[in-house]
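These notes open a run of structures that come right after.
Next come two complexes, and both contain chain A; in the first it sits with chain B, in the second with chain C.
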Partner chain A sequence: MNELSASSRITYRAVMVRPGLARRIRGLSDRMLAWLFITPTIVLLLAINIFPLLWTIYLSFTNYRANRANVPTIWLGADWYQSILTDPDIWAAMQVTAHFVIWTVVIETVLGFGLAYLIDKKFRGHGMWTTIILLPMMLSPAVVGNFWTFLYQPQIGLFNYVVAFFTGRAASSFQMLGDVTLSPWAIVIVDAWMWTPYVMLICLAGLRSIPDYIYEAAEVDRASKWRQFWSITLPMALPFIMLAVLFRGIENFKMFDMVNLLTGGGPGSTTEVASITLKRAAFESWRTGYSSAFAIILFVTVFGLANIYVKALNKVKSR
Partner chain B sequence: MSVDLTPSIARRGLADRILRRAPLEAIATTIIAAGVVMLMQPLSLTLYSWSFATTLFGTVMFTIVSKVRE
Partner chain C sequence: MKRTMKTLAVSCGAVAAALGVGAGTTPAQAQGKTITLCWAAWDPANALVELSKDFSAKSGIGMKFEFVPWTNYADRFLNELNSHGSLCDLIIGDSQWIGGAAENGQYVKLNDFFKKEGISMDDYMPATVVGYSEWPKNTPNYWALPAMGDAVGWTYRKDWFARPDVQKDFKAKYGREIGVPKTLDELKDIAQFFQGRDIDGKKVYGASIYTERGSEGITMGVSNYLYDYGFKYDDPKKPYAMDGFVNSPGAVKGLEAYKELYKCCTPPGASNSYMSEGLDAFKSGQVALQMNFFAFFPGLYKDPNVGGDKIGFFVNPAGPAGQATQLGGQGISVVSYSKNQAEALQYIKWFSGGDVQKKWWALGGYSCAKSVLNDPSFPGSAPFAKEFLQSMGMVVDFWAEPSYAQLLQAEQKRVHDYVVADKGTAQEALDGLVKDWKAIFKEEGKKF
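Up next, the complex of A and B:
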């Protein structure tokens, strides 16, 4: 053994070690192996999801300010919650959010279902049209926000010229993003343009899941197309429509990026949705404790809606 | 000696009928939906003030009742 060269000794040691390690791993139960594989994921989840959530809950009860980290924090109890839930400005932001959520969901559902109904008819070139319709959904919200800002320009924007062509009004006579009446609708239009294809996809899945024999039986019973739509198509696609409504509702309740790029919450606070108010409180006023409490209120709302969403999803799955 | 041949039907009490997952989940879902509506309605500041408590109660209730037997 002593006459072995250095490299041979290393190889020899490696050969000696490897079977031991392998035997030890081979000796682990399936349960232990499963834990071994999922432990890094659980640690990562705890570090980047659960810990910040618990920390935010703690901060929401204190006067902590991120720009004055050295100042001692004072426990305030539920003061911030009370302050937020009695503040007319926050209530107004919630109403702006409600306007945005309700109108986008209604428009996207009606248009999405209509498009899905048309695409489901499998006319000539329907594959190409499906791809074209899906294009806006594939774009980044940052890109969409930027190019719709150009489209809404009163002087050079295409949108104003299209409206001028159909209504006869001068193209530069109105500003979609600068007008207090029009700006809430401007963000609704952009969101509907971007996310209607998504609702269409979900509705299309619902329509394609309806078996043909039900329509054949209805044909035998001489049911009109109108009757078939109301008695077969709509009830059977309804769980999928509900799913789309819930998903878009939750997403739009949290909407930040697109609105921030398009209007930044303005003019005034007419498009200041809840997320924009939260961002202003957290990173402009640096009221970290206050904004943490606001974030927890929004989180509980979204979590509650997500529970309903999961329930609807299970209903769809069980079909 | 007479033998009772009628099949014995297990009588389910009111608690058994109510304490099942489906109706309890439906109640929790309704409370959550009511909380969300209260949060975003434009009519009453008092309703808005109670919205968070309502949503939180509904969410906690949903989490608990989803563990109840079918």
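Up next, the complex of A and C:
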């Protein structure tokens, strides 16, 4: 008895105190025990995830409005889906979203991988540089949105002064957030500034996972650095790069907070990404049925694209 | 045991005090119930906190306040009402909410209460009764007591206007003396005159106007031009018939004029400005003219840098089709989900009192009571009082339909697209607006 471990002693005392319960637990099969443990999680998942999803699907076929609960709910069939898919404003919002997603992902991937490649070459102070590079992604998007609004301010903003310094243009002669041509790029720049470190981190993990002996073998075979990069580094880091692209793609497809704070979707509707359109329909117009249908369309789009992408990712991994 | 309980009570009190529990409530809370009043976080709300201390002292009912910044005000409180929340016992809700709040049973109808307590709507300025209390409009169905009168007005830099160099240059350029603009054309001339001008070694700009996209900003701004150029929401003889009224030739010209003012005479980066951006631009000495709600004028007048003798106030100038201004302001309503309706009604009764209304104005709130506004001493009681009175006589409000938010969003988009983002023509913008509004009303089952 004295040689029993602490946990065994606790179990022993519990058995001694409540023999009935212990017997009952002892009588459970492994399968039952497994169910016992995962049931709370499943219930929680059903309550906060699956049920709302099913409810949203139901609402998307009705005229329901959350602010008019006393109005009878009418079944509309696929009317909202048809109206959304034929609405030019929705397609405009989807185009804005596509522009934002594609450019942010391209820029963040190129820069993120480049930075990871540099950081991977261990040099003096690389730890400090890694920390400094990672700082933007540690900030809240709300904070980032607010302070970039000031940075972009034509009269007092640092960004305009830097551009003015290098180009010779007057700082107040252009406005990043109020100009139809520049504002889509303004939000891309901020997102790239904030999330490139995240891509870098994932790519760095990929680069660090490549065993040194492969490079050593390549050196023995007198492969050039260029050849090593194309034949070893890039193919072996590719699954990680693709993973980073997937994460950033999904995240930016549903981007809301930062864009809302920077431009509010403006000027006009120039930077109105799909999630801002959705928020306006759901919580300003209170068109709950309509916005549910739009949310489902967005969900299916992201889910479908992500699935195709994951299949491609698996193919790359299995190579 | 008794001693232990006493010690426990004292300890709990000490802990509560240390944690600041009860902050925001008055000592009267301990004597009776506490009610919560919800409003926007701005200067008049502070005045109301001060004023409400009298109510607590008199009634023994404690007051709690839930103030939310304007940018989140509608989102926060409409969510609260739509979710049948009981956070607010009293709410000072925006004028456009009244249709939805009345039809969805979110506000308590006050007719019987007014009758019982002898509160008459004849004692309030007619525009405020229609704007803040009635639904349907122009019918004796009251859902709020007019609480905070407000309208869009203008401020200008009186000290700049008084400079000899400015006066000389202006006269040389426009052939007339610089002064408070009587028309929107004169206003544009003044704004253009100051745009890019050097004042005491600092580059200044013409005017700060509303251009905000996200909530209601640009609509609240452009309306002041549209009304003066002949825009009407619908045919006065045929409700909801909008063709030729919303997109009339006059309205098109009004929209073009607003865009011209935005393009020629606003500071760089003013593509998303509303109340606070306007205040910042004026207070920092960037602009000669500022469009903003009267509610901010007491604070601006007290400003050490641009207030006092340096600031002047004027009403929205006239346009080719007349003179009108956008209504702001709110009424105070009892939330139907409140568990303290009796106390909330008691507050409304107290608030309607003549002396309370006088004190409300004195503290920085804008009373809607005739007893205050028609007092012969009122126009001289503040540098902007005369202009406020004049504005309240010519106010026009946006739709107050239950679908007002959708109607507002449509105008925000159409107008911002044209004015700021240079998309299409003014005619296309207003034709598009008619199309959007028709679709919304059709969805609502309206016939037109």
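Structural remarks
Throughout what follows, the second predicted complex is superposed on the first by the 285 of 319 C-alpha atoms of A that agree within 3 Å, B and C clash if a C-alpha of one lies under 4 Å from a C-alpha of the other, contacts with A are read in each partner's own complex, and residues count from 1 in each chain.
Quick note on the criterion: a contact is a pair of C-beta atoms (placed from the backbone, for glycine too) under 8 Å apart; a residue touches a chain by one contact, two chains touch by 3 or more.
Fair warning: this is a prediction, and the values are worked out from it, not measured in the lab.
In the superposition on chain A, contact is made by A:68 with chain C only, not with chain B.
In the superposed model, A:56 lies in contact with neither chain B nor chain C.
Of the two partner chains placed by superposition, A:130 touches none, neither chain B nor chain C.
More residues of chain A lie in contact with C than with the other chain of the pair chain B and chain C.
In the superposition on chain A, contact of A:88 is made with chain B only, not with chain C.
Touch criterion met: A:284 reaches chain C, while chain B stays clear of it. Look at A:172: by the touch rule set out above, it reaches chain C but stays clear of chain B.
Once chain A of one complex is fitted onto chain A of the other, the partner contacts of A:228 are absent, as it touches neither chain B nor chain C.
In the superposition on the C-alpha atoms of chain A, no part of chain A is touched by chain B in one complex and by chain C in the other. Residues of chain B touching chain A in their complex: 25, 28-29, 32-33, 35-36, 39-42, 45, 48-49, 51-52, 55-56, 58-59, 62-63, 66.
Per the touch definition, chain A reaches chain C in the complex via residues 66-70, 152-155, 157, 172-173, 175, 177-180, 260, 263-270, 280, 283-287. Within the complex, the chain C residues that touch chain A are 74-75, 78-79, 81-82, 100, 103-105, 212-214, 267-272, 286, 402-403, 405-406, 409, 413, 416-418, 420-423.
Across the complex, chain B is touched by residues 81, 85-86, 88, 91, 94-95, 97-98, 101, 297, 300-301, 303-305, 307-308, 311 of chain A.
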